[in-house]
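Look for chain A in each of the two complexes below; its partner is chain B in the first and chain C in the second.
After this line comes the complex of A and B, so read on.
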């Protein structure tokens, strides 16, 4: 997760409180989505960014995991194409695994 | 309507491992923050030789000695399966770093590049044999400096070094003692873009037997800003490059749109030619020193050579319709509007689907798409995946959504309408344009009828907008039928003039016969 996004997540969490923030990811690949999820739950695993050693424990989901919560027309217009392109199951599995491991 | 044509394309690759070590931002940031890191040591040990860079198959596709289809068939990883090809290609050349330093010296109008005496004499001999530059330009290499002088400049921080096999052989001096936009670092970056741009333009002209004096206008589309502290991006590399390439009748402009710059530039050139403002417009760019070694951390972690050691350049000539060369369909243009939205689907809809739909074309009517064509062997180890493949899957998925193909036919669509990525990760360089030579050749050989060039740009990197950008256009085979639009306009004007004259004569006749009312007089 890049430095700028870590900074923004940290600021938002501090401003609104970790109980009022949910992180929604749009990453294209399971491993990178997992690393991002780990960063906002347990801190930056690369020890390079502003979230190093800061476990915000934020709830985090990939956009594919919350399909049922989204207006079907909006989902069809914005996301459905990527469902055909990306490995949705691998991303969902990785997200679940990271949440179980660190939450 | 006479569409403008893609008359020729030229390319260049410069093998630049020392520039990478001194100016690649990933490496220089590490050196600043962590000078003794294992990564830096491993990177220095993972540099390719010039021969390895020449025999690297994706580079051979870039200069036209191999096709993307050939690349697809070759065993991977490509860096472990060299091909036996030379540095000269149909579209361009691969040149070594020491020759490039000499071109930087020739490109330097302000005596900011210093080359050491023995080195300058050696590279001059090589450049003389290549017959690229005239005697006056080559004589600039005689103005060399003593090693002590260069060392003092570099150690004082007033110059950035030029290295060959870890030996200091020259430097680029700062152009102002306190202006950050004319620091040695910035001047160095700009001279790399200028010198590689000159080589791309020279290849365009020389390999296609074109007369430099026929070029009317140059649009430069790299991502560097040329200026001083009062106008950081004032310009203009286009004219500076044209000057060294003997384009004596040209002026030009720098156009910037991140990686979408080349596609914006080509469309602008097409408009200038189709409107009749200019007959021959070159769109071109040199490469980037900052982006060298961008993913080197991931490459050395996976025990690979550092593959991002190539500075790229391209040049394309857009000319009046000659009835032969492929045309740019200026009536089939896709654009990512401010209101388009930036989800990948919204981007593909705006850039690819909308222009085709508007012109009653299907996604399957385009023989080949040319989106960002990065070499996946460079991007995949860094977690960015295969960028062209992802683009082809997205376009194919839209064809599925539109009912043009079935879901099961998606992999086939990707193979039939896509190519294997081969371009160095130089930002604007991979953005559609590396395929222009291949597309032109295939259309001329009637193996292909229609191609789409897709430029995409990450505008948010400059922090002035969080918008994405993209623009596309269609290249098509030339029907050979030219409309004489000028003659048509003249005829219409002539007819109107006759009508007016007749009307005046009839009014005059009516008056002379007394038919007009007296009050009219």
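After this line comes the complex of A and C, so read on.
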């Protein structure tokens, strides 16, 4: 997760409170999505960015995980093509694993 | 989880150039609820 986004997430959480902020990811791979999720839950695992040692415990979901809540026509237009080429199950499994491990 | 979870939430979108870009996620979240604070598209390459 890049430094600028870590800064933005940190500022937003401080301004609105961690109970009001939700992070939605669009990562292409389970590993990258998992690392980003870990960062906003438990802090930057690379110890390089502004969220180092800061466990915001933010709720975080991949867009694939909330498909059922999205207008089907919009989902179909915006997401469905990438859904066909990415490993959706691996991404969902990794997100669930990270949430259970760190939340 | 249902839509009511998002009703009073501030949404931060971290898209991926090689996955789902930020604007596509934002379009979807506009149909779910909550207030989108920012939408970003990262590049992991």
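The criterion applied here is as follows: the second predicted complex is superposed on the first by the 103 of 103 C-alpha atoms of A that agree within 3 Å, B and C clash if a C-alpha of one lies under 4 Å from a C-alpha of the other, contacts with A are read in each partner's own complex, and residues count from 1 in each chain.
FYI, a residue touches a chain if its C-beta (ideal position, glycine included) is under 8 Å from a C-beta of that chain, and two chains touch if they have at least 3 such contacts.
Keep in mind that what you see is a predicted model, and the values were worked out from it rather than measured.
Trainee: With the two complexes superposed on chain A, say which partner A:9 touches: chain B (first), chain C (second), both, or neither.
Mentor: A:9 contacts chain C only, not chain B.
Trainee: Is A:102 contacted by the first partner chain B, the second partner chain C, both or neither?
Mentor: Touch partners of A:102: none, neither chain B nor chain C.
Trainee: If you count the residues of chain A that each partner touches, which comes out higher, chain B or chain C?
Mentor: Comparing touch counts on chain A for chain B and chain C gives C.
Trainee: Considering only the touch criterion stated at the top, classify A:70 as touching first (chain B), second (chain C), both, or neither.
Mentor: In the superposition, A:70 contacts chain C only.
Trainee: Please work out whether A:80 is in contact with chain B alone, chain C alone, both, or neither, and reply first, second, both or neither.
Mentor: A:80 contacts chain B only, not chain C.
Trainee: Check the residue A:32 against both partner chains and state whether it touches chain B (first), chain C (second), both, or neither.
Mentor: Both chain B and chain C are touched by A:32.
Trainee: Show which residues of chain A both chain B and chain C reach, each in its own complex.
Mentor: Chain A residues touching both partners: 28-29, 32, 77-79, 82.
Trainee: Which residues of chain C touch chain A in their complex?
Mentor: Where chain C meets chain A, its residues are 1-3, 5-6, 8-16, 18-22, 24-25, 27-32, 34, 37-38, 40-42, 44.
Trainee: Could you please specify the touching residues of chain B with respect to chain A in the complex?
Mentor: These residues of chain B touch chain A: 341, 343-346, 348, 383, 385, 390, 393-394, 396-398, 400-401, 407, 410.
Trainee: Residue numbers of chain A touching chain C in their complex, please.
Mentor: 1-2, 4-5, 8-9, 12, 16, 20-29, 32-33, 36, 63, 66, 69-71, 74-75, 77-79, 82, 86
Trainee: Can you name the residues of chain A that touch chain B in the complex?
Mentor: It is residues 28-29, 31-32, 77-82, 84-85 of chain A that touch chain B.
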